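Note that chain A is present in both complexes that follow, paired respectively with chain B and with chain C.
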Partner chain A sequence: MIHVEDKKFVVPGEILAEDDYYPGRGTFKEGDMICSSLMGLVSLRNNKISVIPLKSKYIPKKGDVVIGEIEDIRFSMWGVNINSPYSGILPASEVFGREKKELSRVFKIGDVLFLRVVDVDEVKKVKLGLKGRGMGKFKNGILVDITPTKVPRLIGKKGSMINMIKDKTRCKIVVGQNGLVWVKGDVDMEQITKNVINLIEAEAHTSGLTNRIRDKLFLLIDGELPKDREESHESKFGENNSKNHLNNDPDFDNSFEANEEELEKPKLENFKGIF
Partner chain B sequence: MNIIPEITRQSITNLINNNERADGRAVDEYRDIVIETNLVSKAEGSARVKLGNTQIIVGAKPQIGEPFPDTPNVGVLMTNSEMLPIADPKFEPGPPSESSVELARVVDRCVRESEMVDLEKLCIEEGKKVWMIFIDLHIIDYDGNLFDAAMFAVMAALMNTKLPIAEYKNDEIIIDEDATMDLPLKDKATMSTFVKIGDKMILDPSLDEESILDARLSIGITESGNICAMQKGGDGPLSKEDILSAVKTTYSKKDELLKYLK
Partner chain C sequence: MIFIITNDIVSNKEREDGRKLDEIRPLKIEAGILKRADGSAYLEVGGNKILAAVYGPRESYIRRLLRPDTGVIRCRYNMAPFSVDDRKRPGPDRRSIEISKITAEAIRPSLLLERFPRSMVDIFIEIIEAEGGTRCAGITAASVALADAGIPMKDMVVGCAAGKVDGEIVLDLSEKEDKEGQADVPVAIMPRTGEITLLQSDGNLTEDEFDKALCLAIEGCKQISEVQKEALKNRYEA
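So, the complex of A and B:
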């Protein structure tokens, strides 16, 4: 028996369902009842109930890509702030291999890096690495901070949202799973992008967001809505767009697809165009 | 000291050189100001001020005590600030930090030197009993520019403070809790804080802007237009032109700010 609907707002302790259902993330089992352990929105997948928190801190997971800031230089490693309760370390060997060099000549305190989480051990010591495409230090640009649970929404289905913003603003955008977003482009476009990202964060739970953001972008940049508006509202918009640009940044698209499912239930009408 | 990403520092500085700011404000524009008064029922005067995301609660608490021997006929004013750990990850519980003491003293200076509170009227019996007003600042959310927000909150709290009528008879204090009077105020004051980033002076700095400042200047001004307090912070120097332009802006912003205190 189920007591809640999909996307309903719940508070900790609220009974979500009894029997027949499986407890997912953000829930716990009390006897036969599944209760919420967080404040957030219910997510129903088949028979699995989970709760997506409204706000969260980033919990490091092996294989994630994150944006971090150097905050400490030690004897053979850098201390990295990854916007999480657990701070990360970047061992010197990741950068130099076996050579020995002065650490502060490569990365200084305050530098912002794009990193991969290599390993998280049982005491949550987060080991970071720079191996992979596009990893390394950022130059210029701005940082935008959003709550990590909204990252999948910012990416969109198969990158539909993020690619749309990239196309329209001509900014380079890099999204870390820890909720930090790096944007580089024209100064005005950077600010527009930042505002749009903040808007997505605030309205992540609402439906039809991609189209609204698209209209907003057109209004902000061109000052008017596109003439082919009717056509663009066709449901396959997301798919078309993402296919063309899917290969731009394999780093993000691949890694985020898995997470995407957690937040956004695939809308049935989106597949009509294909079948 | 706050570590701020190098690229954030660069982007803020670049924007400011073009007379723009990260949150879209003009260089001499305040964030949204919200003032709420009389929200603490146990305090005789209180206010909560929101300046953007910075949030401060102030309580004014009068108590009867003995005056200082060198000023037997005036009341006593004391300001204290508390930077609660919920306000910012860098605020620690325990004895007040340097910035907390600075905040309390700058606000105290502005209240005292503007002579807004008529301290002589706070005397109940000369040399024996006077009112002592304790002003407590509680920072509950920190997003830059505590000085201006704190001064606002103190001003709003003092304007709403009610003192019970006290009489001194036969070595005894008789307090009439039902009959109250407003705290005797002669003037109002506001404060405007500027930070210097590059070679520009910016009003009402946000947290990010405060973390990369070269120098900081807070100016307290009374309703009648007298400068009653000033405080310089930060490592960098300020030129004469910087200070004069800041004073000019403070003067022109005064009336706009006082409107919130009606």
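So, the complex of A and C:
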């Protein structure tokens, strides 16, 4: 028996279902009942019921790509703040192999890096690495932080949201799975991008967001909505748009389980030629 | 669990402030009002004004508190110097240290911090204006702030007090009733299961009166619990 509908808002302790359902993320089982452990939105997939949190902290996972800031230099490693309850370490061996160099000459405290989580052990020691395309140090730019559960929403279906922002603001944008977003471009555009990202975070749980963000971007940058708006929608965001019509709820699904697969793509493209 | 139907245990007498014996004071809760905190809540009940802020789970900066198998919570209850009629001397005193401790212990059973080993959650409860029942209201507000911070929990803890005034068992004592009354029983529960996480008793009560007060407080908690849920829903419904 089920007590809630898909995408319904629930609070911690609310009873979601009984018997023939499986507890997923954000839920727990008590006797026969499945209850929510978070404040968030219900996601129903077959018989699996889970709750997608509206706010969360980043828990490091092996293989994730994250943005971190150097906050400590030790004998043979850097301490990295990755916007999580657990700080990461970047061993010197990951950076220059067997060679011996002065650590502080390579990365200084305050440097912002794009990293991959190499390993997380049982005591939550997070080992980071720089191997992989596009990994390395960011120069200039600003950092925006959003709650990690909203990262898929910022990227959108097949990167629709993030590519739209990039096209319009001509900023370089890199999104880490830990909820940090690096933005570099024109100073004014950086600020506009920051505001738009914050807006997406605040309204991530509402539907029809891509369209509203598009209008907002046009207003902020051109000062007016394009006259041939309908046309430009079809041509520029045609693919994405046609899906919206079918779905009636553009990139909502995306904030759920599509998560991992969707995340990978935009990243690799993005990093060509940044550094 | 103790659940006793409490229909005819209270009469229709009115109290000094016009409330019925089993009526709580007007209550308002707002979630997510502090921008820089991970989770926050503002609560008004009667003349109380309370702010609760939650930070974390974050890296434990106090090494000796760190636990390798689970996360820990710390709680600080603080009254502003201007929160009461006579200026309260700032800083922790015997009473606020006690309340900090019992708040942390009342809330801890509801949290699923095993998912965040070696981390720490900080709760700050600031009493801006006090008018009786701040410890229960503080627990209620802290719980909303924790849910707002997205910390996994089994249930939202809710607190409410009952007591004895002029020989009658009444719900949700005001400051005056607390001072002039004969007893005060603050209770915190997890409403879904009915588990009691805080139970104190100050003053003289017979066994029957205590049972009656406990049942009344639990009923009060359930009413407040609905307002808590409403507060979280309102935060995300434009």
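General observations
The rule we apply is simple: the second predicted complex is superposed on the first by the 231 of 275 C-alpha atoms of A that agree within 3 Å, B and C clash if a C-alpha of one lies under 4 Å from a C-alpha of the other, contacts with A are read in each partner's own complex, and residues count from 1 in each chain.
Note that a contact is a pair of C-beta atoms (placed from the backbone, for glycine too) under 8 Å apart; a residue touches a chain by one contact, two chains touch by 3 or more.
Fair warning: this is a prediction, and the values are worked out from it, not measured in the lab.
Upon superposition of the two complexes on chain A, a steric clash is found between chain B and chain C.
In the superposed model, A:Asp167 makes contact with neither chain B nor chain C. Comparing chain C and chain B on the residues of chain A they touch gives the larger count to C. Residue contacts after overlaying the shared chain place A:Met39 against chain C, while chain B stays out of touching range.
Of the two partner chains placed by superposition, A:Asp215 touches none, neither chain B nor chain C. With both structures placed on the common chain, the touch criterion links A:Glu190 to chain B but leaves chain C unconnected. When both complexes are overlaid on chain A, the residue A:Leu54 reaches chain C alone and has no touch with chain B.
Touch criterion met: A:Pro12 reaches chain C, while chain B stays clear of it.
Legend: residue contacts after superposition of the two complexes on their common chain; A:Glu69 is shown touching chain B, with no touch to chain C.
After superposing the two complexes on chain A, the stretch of chain B that clashes with chain C is 37-45, out of 37-45, 91-99 or 199-207.
Touched by chain B in one complex and by chain C in the other is not one residue of chain A. Per the touch definition, chain B reaches chain A in the complex via residues 3-11, 14-15, 18, 20, 22, 24. Across the interface of their complex, chain A is touched by residues 38-39, 56-59, 68, 71, 110, 112, 115-119, 147-150, 152-156, 190-193, 228-229, 232-233, 236-238 of chain C.
By the touch criterion given at the top, residues 69, 71, 81, 108-112, 138-143, 182, 187, 190-191, 194 of chain A touch chain B in their complex. Residues 9, 11-15, 26, 28, 30, 35, 37-40, 53-57, 59, 85-87, 123-124, 147, 205-206 of chain A are the ones touching chain C in the complex.
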